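There are two complexes below, and they share chain A, which is joined by chain B in the first and by chain C in the second.
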Partner chain A sequence: MTTAVIALEPRVSAALAEFLLSMADDEFVIGFSDSEWTGIAPILEEDVAMSSIAQDELGHARALYELLATVLDDGRDADALAYDREPEAYRHARLLDHGRGDWATTIARRFLYDTADAARLASIGEGWAPLADLVAKIRREERYHVMHFTIWADRLARADGDARARFVAALEMLAPDASTVLAPPEGEAALLAVGILTRPMAEVAADWRTDVARTLGPLGIQLALEPAANSGPARTGHSDAFRWLWGEFTSVRRSEPGATW
Partner chain B sequence: MTAISLADATRRIDTAGVRAILRGVADPEIPTVSIVDLGMIEDIVVTGAGIMVELLPTFVGCPAQEIIRDSVVEALAPFGLSVSAEFTFRVPWTSGRISALGRERLAASGFAPPAEPAEVRCPYCESARVAMDSAFGPTQCRSLFYCRDCRQPFEAFKPV
Partner chain C sequence: MTDNGDRMIDEGGPVAPVAEATGILEPYEVFRQEKDGEPMRHGGNVMAPDAELALHYAREMFSRRGESVRLWVVRRADIGVLDDLDLLQPPLDRSFKKPGGYLMRDKLAAARGRAGTSKPKARQ
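Up next, the complex of A and B:
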């Protein structure tokens, strides 16, 4: 009753592996990054909420790394995939290369990421059953994240003075990198051909930009979101902020290589 | 095919028998509610080779999965067959899978069973004058509420 490994032709399997890696790394990096708020969020309910959301994301990352392990079939398990790589080998979107910053930056980053991630999840089809099944489950959870950060975006945008100014400044700082989440994966054509993806990412990104404008427009915020870039530059060449985070999240694992925790 | 070992001939080893034993396996955090009533059992297969139990996690990243899996294996060990218990996403767990008994026992333990926010009732006084403080509670599957009538904070299962 374990997940059956369904044979995929090599071209599809390589594209699927790259796509799974990018999604898993996105969820892992934002989940770990947001877990930094545990204990220091501005209000107690948010401390609990941010910790719970981070836990959701790390759980999604683990499940995606487990699927990736079945596709790669090279002996690495989810932990090895998550922790045993050099910083340059991570494939998260450049949006997540920005550190968590202040609360306004965190909310801005989460709002942009969660809306884009929801659009990406909605574009995944039935082409590979193990992923389709997992995505069906993940979407039920992510719905709460989108709700939560849309409410926060609204709250900060409507606040007087400093809160709105910081939120708008954070959105503008992140805007050039926001669409990297929806950069077309390498091998997109192969994923589309077998129905793992149902739409080209460029289309998904265009709809997402319209949706973001629909939420922010009434709040008096006009955000210039870039059309999605190629996945190469969008997901490589990471920042010092990420290198620091990598040092944190791999520190325990590196302290005792090979240990069973 | 159903196999009955001689050593355990008085006990029926079939899916109903396995399910009956699993009714004794509780959620690690809510000892009054079994994993059967929480709707976490998707399938039970009994063959001559052993017992296979297919489990559904309430949330993808629920950290109780390993404890639950171990509890299932331990509870079924007396049958004397090999036991495999695995979590799957083949079918998504939804809050609609919680049984009537499960919902009743959750409420008795101080947790509002899953419902859309407007339908949530206080598990202590049954008041509808409740407010959601946060969609995110101390575990992934629960939200924080406050009852304006009996002035108790309480947790409600998230509808998923």
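Up next, the complex of A and C:
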């Protein structure tokens, strides 16, 4: 894919690169992590659905890394950006540092992530056409992801006994880190100034918290979600669970550096 | 996506009616339209706890690569089934009711000639 590079001020370009990297890493990490359910999901139909959604996310990550490659213009392609970094250089949100855990944890993580991701995508404006065009496509798939995991959240919360208990425990375990997806990016002011973002992330996060409460409230779940922290601590200092995942997803690439696959 | 043969409509088995969806997995029959204007055709089935998830699973199984433009799901237990298959087998020779043996093509062409119309095109 070639994307026409549209001249951006250096300040905007640096902020955009950081923002693209964080979104791409989010999609890449959750996509790869959830792809581990392939073959072992609770039922065959959901196995196919989860695998397909995980592939959607990897597809979004690929498209975002490709855009990032045009912005950075440093010779690295999407694969190099996805695979050739040390774990510390990844900028996914701390929410995704939690491993997929059991099925309830996976559903809780997906529900929190997909609702936050949808809010983030909705806040992206027309400031940089290549991103605006891509976001319009991504949102058409993410709409389904939100529907799917909202249904699952609803079913687990309404189930009796173990299913509900595990789901609520998972939500509570993830809640302190959930808003890291919407941590204001460094250089947010520059992105707002040129219309790449249309609203400050703090505002987006506040609306997202209201939306989550509106879904979980009727299910009798009160979740204490933090206002979004700033992106430094929200997206650095990754967990052992992520370092393990990194070992998995880079293992083939590292087995033969420079090979043409 | 089910193989519990005793409930397979395709094999003409009986269907035990269940009052309403219970949240337990049960078969849903999937109908799909391949192109706008074409009839809905039976595509297969999925197991799901309710119609909402059945539609999600139908989407994954029957249209994730754009193979369908429209989907329906029907809970198999909600399908009316004719139990007495003998009713479908005429016991006496009714072959005289079948139109085989008549050649309509020439008559139709002559009628169209009189009416000044042409043969309708096949549907796209």
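Here is the rule we go by: the second predicted complex is superposed on the first by the 259 of 261 C-alpha atoms of A that agree within 3 Å, B and C clash if a C-alpha of one lies under 4 Å from a C-alpha of the other, contacts with A are read in each partner's own complex, and residues count from 1 in each chain.
Methods note: a residue touches a chain if its C-beta (ideal position, glycine included) is under 8 Å from a C-beta of that chain, and two chains touch if they have at least 3 such contacts.
Since we're looking at a predicted model, the values are computed, not measured.
Engineer: Using the overlay on chain A, decide if chain B and chain C clash or can fit next to each other.
Structural biologist: clash
Engineer: Would you check which partner chain A:Val48 touches, where first means chain B only, second means chain C only, and both and neither mean what they say?
Structural biologist: So A:Val48 meets both chain B and chain C here.
Engineer: Given the touch rule stated above, what does A:Asp133 touch, chain B (first), chain C (second), both, or neither?
Structural biologist: first
Engineer: Is A:Ala63 touching anything from chain B or chain C once the two structures are fitted on A? First, second, both or neither.
Structural biologist: First partner only.
Engineer: First (chain B), second (chain C), both or neither: which does A:Phe249 touch?
Structural biologist: Neither partner.
Engineer: I'd like to know which partner A:Glu141 touches here: chain B for first, chain C for second, both or neither.
Structural biologist: first
Engineer: In the superposed arrangement, which partner chain does A:Arg155 touch: chain B (first), chain C (second), both, or neither?
Structural biologist: Once the two structures are laid over each other on A, A:Arg155 reaches chain C alone.
Engineer: Is the number of chain A residues in contact higher for chain B or for chain C?
Structural biologist: Comparing chain B with chain C, the partner touching more chain A residues is B.
Engineer: Hey, which part of chain B ends up inside chain C in the overlay, 43-51, 61-69 or 115-123?
Structural biologist: Stretch 115-123 of chain B has C-alpha atoms clashing with chain C.
Engineer: Report, in rising order, the residues of chain A that make contact with chain B in one complex and with chain C in the other.
Structural biologist: Residues 45-46, 48-49, 52, 144, 147-148 of chain A touch both chain B and chain C.
Engineer: How about chain B: which of its residues touch chain A in the complex?
Structural biologist: Spelled out, the residues of chain B in touch with chain A are 43, 45, 52, 54, 59-63, 84, 86, 88-94, 133-140, 144, 158, 160.
Engineer: So in the complex, which bits of chain A are touching chain C?
Structural biologist: Those residues of chain A that touch chain C are 43-46, 48-49, 52, 144, 147-148, 151, 155, 159.
Engineer: Would you pull the chain C residues touching chain A in the complex into a rising list?
Structural biologist: 1, 23, 25, 46-49, 52-53, 56-57, 59-61, 64
Engineer: Of all residues in chain A, which touch chain B in the complex?
Structural biologist: 1-3, 45-46, 48-49, 52-53, 55-60, 62-63, 130, 133-134, 136-138, 140-141, 144, 147-148
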